[in-house]
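Residue numbering begins at 1 within each chain, and the chains themselves are lettered A, B, C, D and E in the order written.
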Amino acid sequence: MGGLQIPMEQVLALAGLLFSCGLLGLMLRRNIIFMLMSLEVMLNAAALAFVAAGAKWQQADGQIIFLLILSVAAAEVAVGLGLVLQIQRRFKTLDMDQARRLRG
Amino acid sequence: MRKRGGAIMMEMLFYIAAAVALLATVLALSRANAAHALIYLIVSLLAVAVVFFLMGAPFAAALEIVIYAGAIMVLFVFVIMMLNVGREGTAREREWLGGRNWIAPGILSALLLLELMLALRHAPAVTSGVAVTPKEVGLTLFGPYVLAVEIASMLLLAGLVGAYHLGRRFIVRRERRR
Amino acid sequence: MTLAVLILLLLGGGLLAWLAERTHPNLPRWVALGVVGISLLFLLLTLPPEQLALATDPRHPGNWLAQLKIDWMPRFGIAFELAMDGLSLLLLVLTLLLGLVAITASWSEITFKPGLFQANLLWTLAGVCGVFLAMDLFLFFLFWEVMLIPMYLLIAIWGHENKSYAAMKFFIFTQASGLLMLLAIVVLAWQGSRVSGQLSFSYFDLLGLSLDPRVAWWTMLGFFLAFTVKLPAFPFHTWLPDAHTQAPTAGSVLLAGILLKTGAYGLLRFCIPLFPEASMEFAPIAMGLGVAGVIYGAVLAFAQSDFKRLVAYSSVSHMGFVLLGLYAWNQLALQGAVMQMVAHGVSTAALFMLAGALQHRLHTRDMGRMGGLWHQAPRMGACAMFFAVASLGLPGLGNFVAEFLVLLGLFAVHPWLAAIAAVGLITAAIYSLWMMQQAFQGTPDKQRTMPDFDGREMTAMAAMMIALLWLGLYPQPVLDLAQPVLDSLQALATPLDQAHSLVSKAAPAAGSGL
Amino acid sequence: MNATDFQAVLPLLVLAIGATVLMLQIAWVRNPGLTAALAALVMALSALSCRLAAEVAPTEVTPLLQADRYSLLFATLFGFAGAITALLSRDYVSLHGDEPEEFFLLLVLATMGASVLAYAIHVASLLLGLELLSVSLYALIAYPNKSILPLEAAAKYLVLSGAASATALFGFALLYAATGALGFTEIGQGLTVTTTGQSVLLPAAVMVFAGLAFKLSLVPFHLWTPDVYDGAPAPVTGFLASVAKGAVFVVLLRLFLDADLFRYRILVEITGLLAIFSMLAGNLLALLQTNIKRMLAYSSIAHMGYLMIVFMVSLSGDSQALAVEAASYYLIAYTATTIAAFGLLTLISTDASGRENVQLQQVSGLFWRQPLLACLMLVALLSLAGIPLTAGFIAKFYLVNAAVSGHNWILLFTLVIGSSIGIYYYLRVVYYMTRRPEEHRVEQKIISAWRGRILSGVLIATILLLGIAPQPLMHYLKAILH
Amino acid sequence: MAGIWLIPFFPLASAVLLLLSAGRMPRQLAAWLGAGSVGLSAICVASLVNDFLADGQVREVTLWTWMTVAEFTPRFAFYIDGLTVVMMSVITGVGFLIHLYSIEFMWDDESICRYFAYMNLFVGAMLLLVMADNLLLLYLGWEGVGVCSYLLVGFWYRDPANGKAARKAFVVTRVGDTAMALGLFLLFTELGTLDIQPLLAAANSTWQVGDTLPVLATALLLGGAVGKSAQLPLQVWLPDAMAGPTPVSALIHAATMVTAGVYLIARTSGLFLLAPPTMEAVAWIGLLTLLLAAFAALVQQDIKRILAYSTISQIGYMFLALGVGAFASGIFHLVTHAFFKALLFLAAGAVIHCLHHEHNIFRMGGLRKRLPVVFWSFLIGSAALAALPFTSGFYSKDAILLSASEVGGIGLWLWAGGLLGALLTGIYSFRLVFIVFFGQAHTEPDRQPGWKMSVALVVLCALALAGGLLALPLADVFPAARAHEASHAIEYISIGTPLLGLLLAYLMFLGRQINFDRAADSIAGRRVRGFLFSGWRFDQLYEVLWVRPYTTVAHWCRNEPVDRVYNAIVASSQWAHHKLAALQTGELRWYATSMVFGLVLLLAVMLRNAT
């Protein structure tokens, strides 16, 4: 198995693309579940960038950070989905545009 | 020559995986139906796993599939099933997704992308190297990063307790309702 | 140590007065009266007479009556440094005397939480005493700001109908300008550290610093703004009418009688001596503001129908003279400014006490609803007349000596400015007499009954009358007390001295022309 | 890892063990009083254990954590802040929801996250600390279940904070790609030798900064702040405003210092720009707020703006030490003050209604109803406004000194303008508190437990002590930072 | 005499006592304390005069040093020379008579205590004014009498009109006083002292005749004098000041205070002599004022206003005298004027007193028989005022006219003007006598003057008649006047003119041989009459020039225009607040968008700078 055989800037570009997609989703979607998904995409993009960088420097650190991001994502999603349940119960909708009692 | 041919093949594979990842992500985020979106997202994650593999990070690729695509996405599936977001919800989502809503976010994302690409213009060129083996990862993880593992455990504990507290009420209420 | 004890006495007294409220609602005012009285006695009795004699000896300028220095924040070269000279002593005595008057003025007016009221009163006094004593710029700023809070509370809690606006305006004006001063202080200290290699906020270390002219100018401006807002000088005076009008009587008395003087004191003690060249450069503008204040205040005083507002604007006018006197920066004008600080303190305090008494009795400050009060309250009328003519500068009373000296000193420097400022004498007559006419003269309202001044109030009034007469007929003790200080300050600012044609140049032989 | 290392991370260990103990205790017997006390004890112990850890400082414990007196100072601060928050929220949590015990567990975890940030010298520890803090906070914010506002706040915070974390991570990934280093110092060294050029590095650094600026709610990443502050339970808001922000600031400063990002003038100028925006916008936004929590939220934006001044100051090497010192003092003073202010809101919201009393109207006449609480608020507000004799003043004085020594005139004038605006809304609360009984109608009863009183007393004393006798702390700060 | 300080002390102490009693002193005691203290002063003055006439020594008394600031060391010190003695005699002598008269006149007033307090204060201040050895102390007295004048004009404070008159009096004189204060500043700045004698000496040694500075200084002093003495252009306050009680008008607005300006110029004559332009200005002011006031007096209907205009006119004569350098004549006229004008006012007061406070002369008439004492007093006073031969006014006015005629150049004009004034004086003074005391009675007196009034009137009658024979000890004070060498023609004309005036008055108002009624009722006549009646419309002019602009500006500013700046700052912050707060929509998507926006922005800044 070879090392990094792929132009790194292209991997990073892919990561950037995915990151932008995630942000786009965040800005676009009202459904909190989709927002969480966008978040996952963004975290994933960051993880991809780390792994690519790690591969470039032939270090394990990149993958370890990926691992940590993974656990972060898991924890966030766990709490996030718990919130989703509550939101559905209390607001009777997942539409975050409806949840704007706090403003001004 | 072989090596070069392998490289070309790898490159091709990478492009395919990247395209799949990108396309699946876009589709995932533009679906009205949450379950469909989730499937696309999983596809995207799998494609990224392929990229990991191509970059010589098999351990990461495996974890991506097992934990990300497997465990975390299943959580989503649970919630979607539990909430039973019906047809109306889907219809509403579809309605929202059209038209003007795209303009500002689209422009902003495009700008951001442009800026990122500008920044990456001068990114380092291709390097060839050796794959980072799982063993190496493991050694590093429990070497210098041992405290990170410990803290990560606390992080997961926090996620666990939080999820428990938030989800519990929902479950309790549901049971009471029955 | 005397000085720290004085401040602690007032602070502790405030606490005591607050607690006394629980025993009996009338107790706090006695406590407050006692504390201020004791403080005054303490101040005067602990003063060694030989020191006093030395300090009033004009041949030995720069003598300090008492000093105290305790390290506080060595990290920044900040010390708890207090010192008293003749000027401080003068203003301290004025402060404590007017404190007594303020307590008397609020004797029966305050029914809501009298203990806290008296506590705030005493804390304000403590803050003011601190301002007059602090010789560390940081400490000075600290007292400068700290005295605002009890004053703010006095206005905000016990004020009249529009108190929130007035208190807020007062606080924001002084605080915002105070921040600029803090900035200036810090800049100055750092400039000093560049010279001596040691950060210090001590007044004595920062005096006579040779600064880059541009830095000096801006720094001076920071001080100047803070002090002129407090003074207040045109066009930073607009907080004053509101604050005075809305404050309870004691608050107005303190505000007009003492707090305004801290601005003048600051200019005299800090702003000009620390930045002699910049101040000299700035003097025309400052004096222009002074003249504008004199005239503008007087015109607006005339236009008011609210008794307290009128008096407040008259303060603007009078404090314009102080600004003029300070920036004319010669013996006569400086002495005039100091006299004006004292005399205006007394006369305006009395007028505010009067206004408070009227409001307490009539529940209005609108002079349109007064008229002919002399009939019902001849003693009040007589007092009002006395202080009205004092405020228009009748010779024989303190204000005249002050204004005359200021104008006399100013004339030697800027005759035309003096001529314009002298118009203030006319406008003062207009508003003072108009005030008398509206409130006390004219046809009395037969239905109205109003108790005249009682013995307590008359005592306070009589004391202030005697003080003004004394200042007007034999001001020498005050002048002697201030003279060495002014001499030493002038000596510090020698460039200024040389630049301005001193009165001494106009000795009989001279005849240099205008 | 040897004994020295363990001693060096003792505060973290105490917290970790404490969390475990708490979990076991909750599983064994549910008793909110006991849990709260235990949690407070754990956090206080963690704070105290910093003294032990200081004996071996500075020690680098694995490449991830650095136990020096800088990190220990803040670990102490966060420990105490967490302990006080735990005590303050004891009654509040019981009255605002069911099963209050986990709240304290989460609080301990959040404090641990903050402490990790104080220790962090590596991207991994930064990431974990940040997320430990954030994830605990998501749950803490959504904790009460009698009102739906916390839910909304938590959702907003979760989504936006997650995005911010991702942004910061992406930035770090780019830095890593360019330098091959993850430790702060190594990143700095890598930046020097890299051939990649500034065009990648600076955008990457900006992404890192933007992600962290979100946590500090600097303009224009501030929009979430009032909503989250308002929705979150008052004690959590206090914690969020003080500890969470403080921890992020600490790590940001550490990153800039260790990686010596001050080399990149443009980057520092961006921090200055955000500081100016934050000072102005924060104060202006707070100006007419009638909801005290929102007002404090906006004011916290402004305060972070003030704090950001130190970055610009650090541009000139001479002033860097003073700047860090000023920032440290400011953080300590600000933490004490913020906890006091939100502590008051906690205490006056401690009634059975399950709603919070955070409108201006609801503190009307507080001075006459609850003098001690009102004094607490008064002192806190004066400290926030930077009036002498309070901690806030000395803090501001420190900042001004730092900025003067660094010649940052524009920032200084913005500071003055901002503070001047600030006086208005702080004093408005004071004014409302001093309104006379006849001027308002509030019948609300406040449960004033002895705990609340003692805590109020302690907080007042702390703020005043920091304002009147700051020399010991100053001395200490100077000693450890120079 | 050692107790010179007692002279002002008695009235001042009495004033303090009366004020302290706060109106609770018995009427009897208050009245006699008030009058008695002035009487005591008068006795002291008499003894002083006696001594002074015996040795002619100038006396200087220093009580204490007022203040010492740099070279500025004014003292509380008195300087008694011939001029001072004359003034003191007039003040205490006439003052005592008027106080005596007041006891009866004010007996029924509830505030008699206050009245005497003010009066005594006035006498004290006036004494300080004339006795002062330096200009600052003089200024103290100067302002003091101004305040007393204000207090007494507005004595009956319930009528707002009185208050207005009082304020007008004070403010208008204050204008002059301010000029004078500036003059003091100038003198001190240039000469380094305000002590009058050293000042004059210094001026003489420093300045040449005709220098700019003395002209400027004297012009400023003249401003003060003009204000106090109700000369053009500040004469407008005096007619209105008649709102006060009549004895007040007699003492303050006829005999003493209004002549303070004359005293000031006489006192600083050494300075004025250095400034010929000012001297000429003084003469012209005097002439114009005396004519203007005389014309105005012709058409007045209020008995006191007629006397007020005549006072202005007579002081005009004094100024004329000063202006032509005849200081002694001016002071002489001051003294005789004090006698006869006090007499006239007191007599008028008696008329008013006995006629239920009637002021309008056309509602009087035929009082000759009913109030004989008053009639004779008034007649004598009018004769002296008109300068009929052998009355006191004759000697003094004659001396002035002669002096004027002898000045080269403008002298003849001044003399002719003065003569015209004398003619007019004859007409208006006897118009008053004829209308009030002859002809039909319109109102019946309800009482007769008592002994106190009568005594005062009789003594003053004697003085008004014989006062011309006094020899004032002014020789040492002023430069010696030239002996009059006027032709007899001028003498005769001077004597004849008042008689002509008397004749004309008789023909017009008693005999009715000359009837101006038709002319006066024509439109032009009415206009002229209205013009003169209003005092040449000076009030209206000043209203437009000063009062209205001032009140307009004041009204315009009353709501603090400066605050608009601050309000604008406040408003803009509020505007900014609202705009910024509008961004806080509560929408999560928008928040995310804003973050991305911020990120894009920062990256853009970065890239711009990095490339």
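One rule holds for everything that comes next: a residue touches a chain if its C-beta (ideal position, glycine included) is under 8 Å from a C-beta of that chain, and two chains touch if they have at least 3 such contacts.
From a predicted model like this one, the values you see are computed outputs, not experimental measurements.
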item	value
Set of chains adjacent to chain D and to chain E	A, B, C
Graph separation of chain C and chain D (steps between touching chains)	1
Chain located farthest away, centre of chain E as origin (C-alpha)	B
Chain-chain pair with the highest tally of contacting C-beta pairs	A-B
Distance-to-centre winner among chains (Cα means, whole assembly as reference)	C
Centroid distance [mean C-alpha coordinates] between chain D and chain B, Å	31
Centre-of-Cα separation between chain D and chain A, whole angstrom	26
Between chain B and chain E, centroid-to-centroid distance (C-alpha), Å	101
Rounded Å distance, chain A centre to chain C centre (Cα mean)	65
Chain D residues counted as touching two or more neighbouring chains	124, 128, 131, 135, 138-139, 142, 145, 155-156, 159, 163, 167, 174, 177, 199, 203, 226-227
Residues of chain B touching at least two other chains	104-105, 108-109, 112, 115-116, 118-120, 123-124, 145, 148, 152, 155, 158-159, 162-166, 169
Multi-chain contact sites of chain C, meaning residues that touch two or more partners	none
Contact pairs between chains, per stated definition	A-B, A-D, A-E, B-D, B-E, C-D, C-E, D-E
Interfacial residue positions of chain E with respect to chain D in the complex	573-574, 576-578, 580-581, 583-584, 586, 588, 590-592, 594-595, 597-599, 601-603, 605-607, 609-611
Sites on chain E touched by chain C in the complex	19, 22-23, 64-72, 76, 114, 136, 139-140, 142-144, 147, 150-151, 154, 157-160, 163-164, 166-167, 170-171, 174-175, 177-178, 181-182, 184-186, 188-193, 202, 206-207, 213, 550, 553-555, 557-558, 560, 562-563, 565-566
Complex contacts: residues of chain B adjacent to chain E	104-105, 108-109, 111-112, 115-116, 118-119
List of chain A residues in touch with chain B within their complex	1-14, 16-25, 27-31, 33-34, 36-38, 40-41, 44, 47-48, 51-52, 54-56, 58-64, 66-68, 70-79, 81-86, 88-89, 94-95
Touch list for chain C against partner chain E, complex	234-235, 237-238, 241, 296, 299-300, 302-304, 330-332, 335, 372, 374-375, 378-379, 382, 385, 389, 394-396, 400-401, 404-405, 407-408, 411-412, 415, 418-419, 422-423, 425-426, 429-430, 433-434, 437, 440-444, 473-476, 479, 483, 502-504, 506-511, 513-514
